[in-house]
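Next come two complexes built around subunit A: one with subunit B, the other with subunit C.
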Partner chain A sequence: MNTNLKISNVTKIYPGCVANDNVSLEFNSGKIYALLGENGAGKSTLVKILSGVIIPDEGEIYLNKNNLKLNSPLDAKKNDIGMVFQHFNLFETLSVFENLIIDSDEQRESLREKIDSIMKKYNFSIDLDIPVLNLSAGQKQKVEIIRCLIRNPKVLIMDEPTSVLTEQETSELFLSLKKFSEEGILIIYITHKLKEVMQLCDEVAVMRRGKLISVSEIKNENIESLANKMVGQNLKTIKKKKAKTSSDQLIKITNLNFSSEDPFETNLIDINFSVNRGECLGIAGISGNGQSELFQVLSGEIISEKNSIEFNNNYIGDLSPQERREYLMAFSPEDRLEQAAIPQMKIFENVALNNFKSSNFFNNGLINENKIKEHSKKIISDFNVNTDNIELKSQFLSGGNLQKLIIGRELITSPDLLICFNPTWGLDVGAINYIHETLIKINEQNKSIILISTDTDELLKLSDKISVIHKGKLSKIMNAEEVTSEKLGILMGGAN
Partner chain B sequence: MIKIVKRDQPPRAIFFFTPVLAIFLTLVAGGLIFFILGFKPFEALKFFFIVPIADKYGFSELLLKATPLCLIAIGLSFCFKSNNWNIGAEGQLTFGAIVSGGVALLFYEQEGFYILPIVILAGAIGGMLYASIPAILKTYFNTNEILVSLMLVYVSKLILDYLVVGPWSNPEGFNFPETRQFSDSAKLPLLFEGLRIHAGIFLALAAVVISWFVFYKTYLGFQMKVSGFSLKTARYAGYKGKKMIILVFLISGACAGLAGVGEITGPIGQLHREISPDYGFTAIIVAFLGRLHPVGIIFASLVVAITYLGAETAQIFMQIPKYTGQVFQGMILFFLLASDYLLFFKIKFIGSKK
Partner chain C sequence: MIIDINFIGLIIASIMASAVPLILASCGELITERSGVLNLGVEGMMIIGAISGFALMTVTGSLIIAVFGAMLAGVLISTIFAFLTQTLITNHVATGLALTIFGIGISAMIGKNFVGIPGKEFPVLFEGLKDTIPLLGPILFGHSIVFYFAFALPFITSYFLKKTKIGLIVRAVGDSPESASNQGINVKLVRYACILYGGAMSGLAGAYLSMIYTPQWIENMTGGRGWIALALVVFSTWNPIKILIGAMIFGGLTIIQFHMQAIGVRIPVQFLTALPYIVTIIVLVVISRDSRKIRLSTPSSLGKSFHKDN
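Let's look at the complex of A and B:
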């Protein structure tokens, strides 16, 4: 049976921003559709409307010519629309089976049979009776997908599903999605990764600033043309020049261990590496393999043994982040909104979070607001943050602008080493390019970078050396030219 | 049709409007309760809110009650702004009073300008010591500060009970549960002849100014603010989060302790069983009604202080129990929490579409 989903003249307005501006789209089963756009383009709003999370101001949705009134996620489920969100909605301590039946009122026994048959059909192998916290990200996603499949959906919406997956898991996912599509499920795939669109989809709809820009068949497009539509300008492709080989060692980590009392944290086991001046060391890995702990140990949020970290011929393992900053280290954490910045505080107050001695942000214990503001203005203009109001609360900056502010704040001391963790996570192409250019510039100035990232493309683009972290252990350090994304994928999965 | 819409950013005006709305709703609901009880609502409200402060004496009484509320609420605002839920100010007040009272008794029948400062300091230190218990347990043993600070209230009240009945009771006091009168040098001076308002009010005003200065102008205040929003950010910036937690508890304990000093070294001049009509708990309402802002807290403490006075007047003139005062305090908090809904949502009236 054919499924036809039609979005007709949908508009959603938020104060100060039109999230969806009169969007009309039509989907038919048998094809995989990509909904492509930068962050803030309105694709998330559109799929939230389709899944009943947001109610549009205007416009209608039709499924097989029936006008749908989606007032809640439950309405969407009842109308056979399934959605897998970017962030998993699973109860970590419950078993897989309990997670699957939690929103169903069918008999447990019949459901178990149904789930077994679904798993068999699509070659999923997951133990139903272990707690979800023991699953890998890829398996968790499969649980989410099964949860949708139980209801025999006509439409399956996937929101940025590959952000936590390895290469191998991604290709498995793509195989499954193609199978679903053959079975007649209409697939809508939301992403900003162009490569995936080319690999997986049949048709692509591009959104920009709330408007639908184009709908076209993939065979008529290529990565460059899509990127231009998405960003709305011709992007220059950036390439890193091969670094001058320097043997001047900047930081050396020796036998660094960290064991946590928290069962949700990863222990770090015998970490050893060094970075030379002007070099970028990339650390790849699937999220949750100890990256966050490694970042914290390097930044000083977690104190380690004094001798385990040698920076510029000083042992600094037992110093706090603030003390490490005085040795010219800088840090850009992964979580922009909960760690690197405080959304409820103003831009200039966030700048003051990097309080190095020579800044004079605070004199004799008093806030020197003029100095902070002066500094903030400089960061905003030097790093292209798109605002001129430093009194603005930083929650009103887009992800890209906030990240520029954070990187700017960290680089204003011209540090010898910048440690960043997923610096472009969730950003749009324009902002990603800007951040990448900035990072390359740092290396050109003979400063070093440790780049912890889950984005393999980013690592291959920026790193001189690459290592992979898996279950708290670091693989051997490889030269970036010798590494391919496939090889990284295998190491990220834990194989040798 | 009425539609509820989520706000992206609450406008500043609403922030100060909802406390006013809460007070208004409290008056309406209070009037309704009086009506049900068979009183004329407006007359009853007049007895409650206007008669008590109509003369000079009443006004002095208002300031007398508002002083400890303001002082404690200022201290609590440090805790609450940084997400530390110290609800044991009553205990810190009591313990502060015990320590300062003990010191005051040491100087029994002695005179000297140095006595009063020592007594005041002793009260602040007592409050700090008592507040440090939940703080240290929270930071080093992961206990819940709400539970610990609350339970310690009853411990301190029992200690006070034991002292005034037992070892510290007045030898010439016919076994009344109270201590000797402090010497005049250990008492806060009264400001006006015939009125009970005393110099403690200056402690409260000083606390207001100092807290404003610390929170908005100093690095320490900035660190507290950041730690309150996100401990993760504080750690990343290199602030000592644990120290910050202990510090806000100490500040809060010191303020409550000072309020305790004011209560015993003011007009009463001795330790007895009931030194505080739950000022420490009521101050929680004051802190929130004043939006944790120093100036807001001044106004809020005056408003809430009226409910204490009103309850007494109502008992005398209308024969209703003075606990009505607590009913009003409860209603203020209730309506404040309810009208805070408007901070995050706005109500839109839209014509019905057909």
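Let's look at the complex of A and C:
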């Protein structure tokens, strides 16, 4: 049977922001629909309305011509709308099976049979009796999908499903989604990644600032046309100029090892590399292969042997992050809200955390608020952070703005080396472009970058040299011009 | 020296009797905490239960009304806590502490008229079987119904959490109230129910003290047992069976140190009095060392307010 889902004139207003402005859309089963937009464009609000988490101020939703009143997630479930959220709705300490049975009315045995047949059909293999916290992100997502499939949904909504997946897991997910679509499930796919839209979807609806901008078939679109619709302006394609070959060595890592007692961490084995001034060294790899440990060792969160890190002719392996900063190193960690900034603190307070002896943020133990505020205002204007309120708590900044603030905070002291870890993770095209431009600018000023990233396109675009990390070991360092994404893919998989 | 084997049985039985209020209050608080709510008002709820039970017994003369009345009193006072923390989203810790202070104060006020009144005898079960088996006879038989209930409770609690749907929902709410809410579970309702259940069990524990264990009303008669019950829940890593072990060790050492003081062992009294607290915590920490299991049984949202936003 065909499924028809119609959203009619939906409006949702939050104080100070219209999240959905009179949005009307129609979907039919048999196709995969993309809902495309930057962060904050209103796509998440719209799908939360469809799944009953948020109640719209105005507007109606029709499923096969029946007017739905979705006042709670339960209503959406009852009406055969399944949703996989970007942040998983799983209970980490419960087993997979307990997670699945909790909202099911079926008996244990019959449910188990049903799950087994679903897993068999779609080639999922998950141990049902281990706690969810032991699963990888991809497996957790499969649990969420199974949870929807148990109810034989007519509509399946996926909210930014690939942000936590590896490339392998992403292609598996796409295969499954195509299969679901063939079986008559209406799929709505929310993303800001253009490549995925081109790869997977049949039709695309673009949203911007709460408004629906366009609905079109994928065959009439390309990446550039979608990007322009999404951002609302013509994006410059940025290209990196080839760096001047410099032989002036800035940082040298020699025989760096790290072994962890935590079984969930990766040991680093015999890391050796060096970076010259004005160079960008990219480190590729599938997440969980030692990137975060490498970042921590380089930034000083984990102390190593004094002689293993030589920076500007000083041995600094045993120094703390603060002391390394005094030597003009700067760091941008992966998790913006957990590691780089303190969400409950105001913007200018977060800026003050990055305290240098020379910055005079503190006088005799007292906070020099005026100085810090002045400094913060400079960061905000120099680095295009879209707010004028430095008293704002940093948790209310969008991911892109927060990242700009963090990079700005790190760069305003003009360090010699910036080490960043997935700097554009989860950001939209506009913000990614800005961060990339900034990083290229640093190299042009003869400063160096170590870029640890899981995004191969980003690495190929920005790096002068590239190495791949696999199970805590670095591959040999290659010139970026000689590397293709296929070659990186092979190395990331562990082949030589 | 010949020690009567039945005497040892009697000592063990007295140890078990002193563990009863701890087991009851801890198992109740365990359910509350498993749903993510930290109620530090156990001591207050216990003492309210103690005075309510004793007062009702004296006034109505009915033991059944007294016992259930004490549980109801625990439910009522925990309703205040639930309303404050769940509906008005106040801080769990501060509200729980206030509840204890409130409970101690109001129980002393009500209890003024009941000081010095003798309690009633509480009926015991299987009295006649006491002498049939040596050693085990005094341990197994001749106790109140509350005593038997208390020793069944950890097993019932364990079964409830592991095997029943409602137990699963309680654990899920404690793990992630956000996910539970998105799954259509009414988080507030579940937490209200768990808080009220914890109140009922604390009330019963208090009634046991004032009606069965030492049948009389003395001001502040819970003497910190509520706090021990709270510590047992945490140090047992939210495991009801380990609560039973911890309560027995605590009860055992309390009884034994009395006997040691009586015999005149040359150890400072203060040290002997402190001994049960120290040893219980050490033993529970040692038997609960597995960090993986701790991670799995700790309610992740413990003590955090949950507010559903639209």
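For the reader, a short list of remarks on this structure follows.
Quick note on the criterion: the second predicted complex is superposed on the first by the 454 of 496 C-alpha atoms of A that agree within 3 Å, B and C clash if a C-alpha of one lies under 4 Å from a C-alpha of the other, contacts with A are read in each partner's own complex, and residues count from 1 in each chain.
Keep in mind that, in the parts below, a contact is a pair of C-beta atoms (placed from the backbone, for glycine too) under 8 Å apart; a residue touches a chain by one contact, two chains touch by 3 or more.
As the structure is a computational prediction, the values presented were derived from the model and not from experiment.
Of the two partner chains, neither subunit B nor subunit C is touched by A:Ile130.
By the document's definition of touching, neither partner reaches A:Leu392: not subunit B, not subunit C.
Of the two partner chains, neither subunit B nor subunit C is touched by A:Val215. Once the two structures are superposed, subunit B and subunit C can be ranked by residues of subunit A touched, with B on top.
When the shared chain is aligned, no partner comes close enough to touch A:Leu175: not subunit B, not subunit C.
Contact residues on subunit C toward subunit A in their complex (touch as defined above): 165, 168-169, 171-172, 175-176, 178-185, 295-298, 300, 310. Subunit A meets subunit B in the complex at residues 14-16, 299-301, 320-323, 325, 331, 333, 335, 338-342, 344-345, 349, 352-355, 362, 365-367, 393, 396. Put simply, subunit B touches subunit A in their complex at residues 8-9, 217-222, 225-226, 229-230, 232-233, 235-240.
Only residues 53-55, 72-74, 77, 85, 88-94, 98, 101-103, 131, 133 of subunit A touch subunit C when the two sit together in their complex.
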